[in-house]
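Following are the structures in question.
In the two assemblies presented below, chain A is common to both, partnered first by chain B and then by chain C.
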Partner chain A sequence: MSKEYQMRAAINQKLIEMGERERLKELLRAKLVECGWKDQLKAHCKDVIREKGLEHVTVEDLVTEVTPKGRALVPDSVKKELLQRIRAFLVQHAAL
Partner chain B sequence: MSPAGCSHVNGYKVDNWKQNLRVIYQCFVWSGTAETRRRKAKSCICHMCGAHLNRLHSCLYCVFFGCFTKKHIHEHAKNKRHNLAIDLLYGGIYCFVCQDYIYDKDMEQIAKEEQRKAWKLQGIGEKYTTWEPTKRELELLRHNPKRRKITTNCTIGLRGLINLGNTCFMNCIVQALTHTPLLRDFFLSDRHKCEMQSNSCLVCEMSQLFQEFYSGHRSPHIPFRLLHLVWTHARHLAGYEQQDAHEFLIAALDVLHRHCKGDMIRDDNGKKANNPNHCNCIIDQIFTGGLQSDVTCQVCHGVSTTIDPFWDISLDLPGSSTPFWALSPGGDGSTVNGESHLSGSTTLTDCLRRFTRPEHLGSSAKIKCGGCHSYQESTKQLTMKKLPIVACFHLKRFEHSAKLRRKITTYVSFPLELDMTPFMASSKESRMNGQYQQSVDVLNNDN
Partner chain C sequence: MKMEEKPLSGPDNTRLEALIQDIYSELVEDACLGLCFEVHRAVKQGYFFLDETDQDSIKEFEIVDQPGVDIFGQVFNQWKNKECECPNCKRLIAASRFAPHLEKCLGMGRNSSRIANRRLASNNNISKSESDQEDNDDLNDNDWSYGAEKKAKKRKSDKNQNSPRRSKSLKHKNGELGTSISLDPYKQYNYNAGISFESLGPNEVRSLLTTQCGVISEHTKKMCT
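Let's look at the complex of A and B:
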């Protein structure tokens, strides 16, 4: 396991333990609603369902079709803000 | 995608399955306590590759965590014939035979309860969830197929009001109230539970009024019932004389507040809060603010503070016989508080600044000072302690003196966004955001 990967795992653990991961999720959720990302993706999901047919579509289909677009549409400002929050958290809990 | 669960889930529903499922949710999906969070942080990694990402799932039949993306959980399911797994991110139940997530009613119920519990533990409280109609609501929707879709260019909610004889003072306030979003939402979602026995509840009549305004009819509405109820409950406004719109607003808010008894929040014992000073009716929630009055003794500098509730702020205007401050500092064409400023025009902010300035009470109006134990001269200052959600500013355009009754026609300009921070009661703990956006202007131009 690479060092970078170990670090990611350790950071993730710390975030979960301190409850910060949940708070970050909530922040992200709010930001994505505000900037209209949620509505855009919802519309895209509806398109996929219409394409595949309501009776046959599975969650996997949606995940495969929607994930790349979802990742691409996240605004840079949101990414920056989350990154800042995580950095601030790490600075506070520097004993890692 | 089956909406009602699948048959394979029944194999799981034996013995103490409900409790087992709850434990899984509490420990690995929505960990509310510090202890469960620690356990989750340490143990939630894939048993095959150690990854913590990749849509980790937990087997429902044994203690096994596996990646979904890398198909590690799929392998486990095949080898052990454990057909159900739970998504540790969102709590969804996956059936490997159906090859999709299934939505079993009982399991969904448990999932929701556990999620709420975890939120409560983390201090997040109630969160917004989308509306899920009950059976009864679905029935009602099927029996009433007419739908109205609100588009961006919709004119719904716009309707004229017939003047019933100098009733424009009432009409303009009614127009303002029907377009106050919080009030509109309260009435259109039918939140008023009437406890008055007679037919004279003004809140019920307001409810009717909102129905009329948002019915989609374009013809003007005739508010005769409303007028009659207002005359009944606010005798001083009865008759066909011209009245003051501001007086009507205060009288209407007062009657609505009194008639809202049925809608007050009940405490934990189901008893209603009976304290008239702590009413939580919709009118108080929207319109009530707190005005702080600080009286400072000029001798010992002790401050005596009172806070009074208010529904509106009455502001003096320049052009009356009482002296008014000259324009805000900064001279011609300056920008103060974000408003650009032509010399010669009064702004709402000017009026507010005058309202909140310290006023020397003079030697003829000495106050008994609690610190000095004697009558002393003092200064008095008004500031906003608590801002209401909707603030009403009343410009005192009528001047009554011994000789005349006249209307002050000084032009007062308003900003589209108003920052009340300079007028708030100074308090280091107060982190209230004092910014308003202009919603409604009521100009009753009678005479």
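Let's look at the complex of A and C:
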């Protein structure tokens, strides 16, 4: 298993070193804003906050409430495009 | 990057796919976390609900979705039929024609100066007809500015067919600057529609054909220069 782990670590390092991870992050963020995901999730946050009370909300609360919904709400097109780009990067740079 | 494990690609693609999915999930989680931090900070700093504080102005600026009206609630061609008084000529002009009218009325703007120049030029040509080509040079230079040339092309039928300026400018186009003076007497024949060689004497025909092409076009009946 550690070989697998090493390999993954090496790939991640390559992603970061080549700046691709940043680019992918920015791309994802931009697409999510464009498609309205961010606004949807913000509205959901408002509900959570009203429920828990404005004064007592913690980061953990938000994270546990918001992350699963966030993952589910990503539109298919955005997901496909990102998977495609990651695959392309790996195929090109990871000596497969 | 050398790997000692068996490669990711090939028949066993599931490992590659799993890796891709993991990278993707990390990125999505990063995005969600980013949003959470942003929201949490907004809550603690007190500006999260700022856009909901003023109910009155929310109602006032709400998006309008009715037929015949834009999203601000304004009617589209409300000002189309209004009239405005021109400060110069004191006439009542329709709103959509107001700006062009002002241009002409006040004598400013590109079109009005072009029209004025053209009028001056054609007035000068009607009064000083065939003599003194050189004197008309300065006026003729107006021909070569872009706009005037365009107008000259467009309004060919309007202009005087016999005007020497017209024949001179056409001659320039064909590159025969040197012959303008010698062909003075023939100018009025050259560009008329329906010219025929029978109307010219043999000497005239000879000198005409030794300097110009002379082929008469089937369509326009004009002579090639």
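Basically, the second predicted complex is superposed on the first by the 86 of 96 C-alpha atoms of A that agree within 3 Å, B and C clash if a C-alpha of one lies under 4 Å from a C-alpha of the other, contacts with A are read in each partner's own complex, and residues count from 1 in each chain.
Going forward, a contact is a pair of C-beta atoms (placed from the backbone, for glycine too) under 8 Å apart; a residue touches a chain by one contact, two chains touch by 3 or more.
The structure displayed is predicted, hence computed values, not measured ones.
Student: After lining up the shared chain so the two structures overlap, which partner does A:11 touch, if you call chain B first and chain C second: first, second, both or neither?
Tutor: second
Student: Could you say whether A:26 touches chain B, chain C, both of them, or neither, answering first, second, both or neither?
Tutor: The answer is first: A:26 touches chain B but not chain C.
Student: Between chain B and chain C, whom does A:83 touch in the aligned arrangement: first, second, both, or neither?
Tutor: Touch status of A:83: second partner only.
Student: Thinking of the overlay built on chain A, is A:3 touched by chain B (first), by chain C (second), by both, or by neither?
Tutor: In the superposed model, A:3 contacts chain C only, not chain B.
Student: Under the stated touch criterion, which partner chain does A:38 make contact with: chain B (first), chain C (second), both, or neither?
Tutor: After superposition on chain A, A:38 lies in contact with chain C alone.
Student: When both complexes are superposed, which of chain B and chain C contacts more residues belonging to chain A?
Tutor: Chain A has more residues touched by C than by the other partner.
Student: Could you list which residues of chain A make contact with chain B in one structure and with chain C in the other?
Tutor: 12, 14, 54, 57-59
Student: Quick one: which bits of chain C touch chain A in the complex? Just the residue numbers, please.
Tutor: 1-5, 7-9, 16, 19-25, 27-37, 39-40, 43, 48-49
Student: Within their complex, state which residues of chain A touch chain C.
Tutor: That would be residues 3-4, 7-8, 10-12, 14-15, 21, 24-25, 28-29, 32, 38, 41-42, 45-46, 49, 54, 57-59, 62-63, 66-67, 70-71, 74, 79, 82-83, 86-87, 90-91, 93-96 of chain A.
Student: Can you list the chain A residues touching chain B in their complex?
Tutor: Going by the criterion above, the answer is residues 1, 9, 12-14, 16-19, 22, 26, 54-60.
Student: Which residues, counting only chain B, touch chain A once they are in their complex?
Tutor: Listed in rising order, the residues are 1, 31, 34, 37-38, 40-42, 44-45, 50, 52, 92, 99-101, 122, 124.
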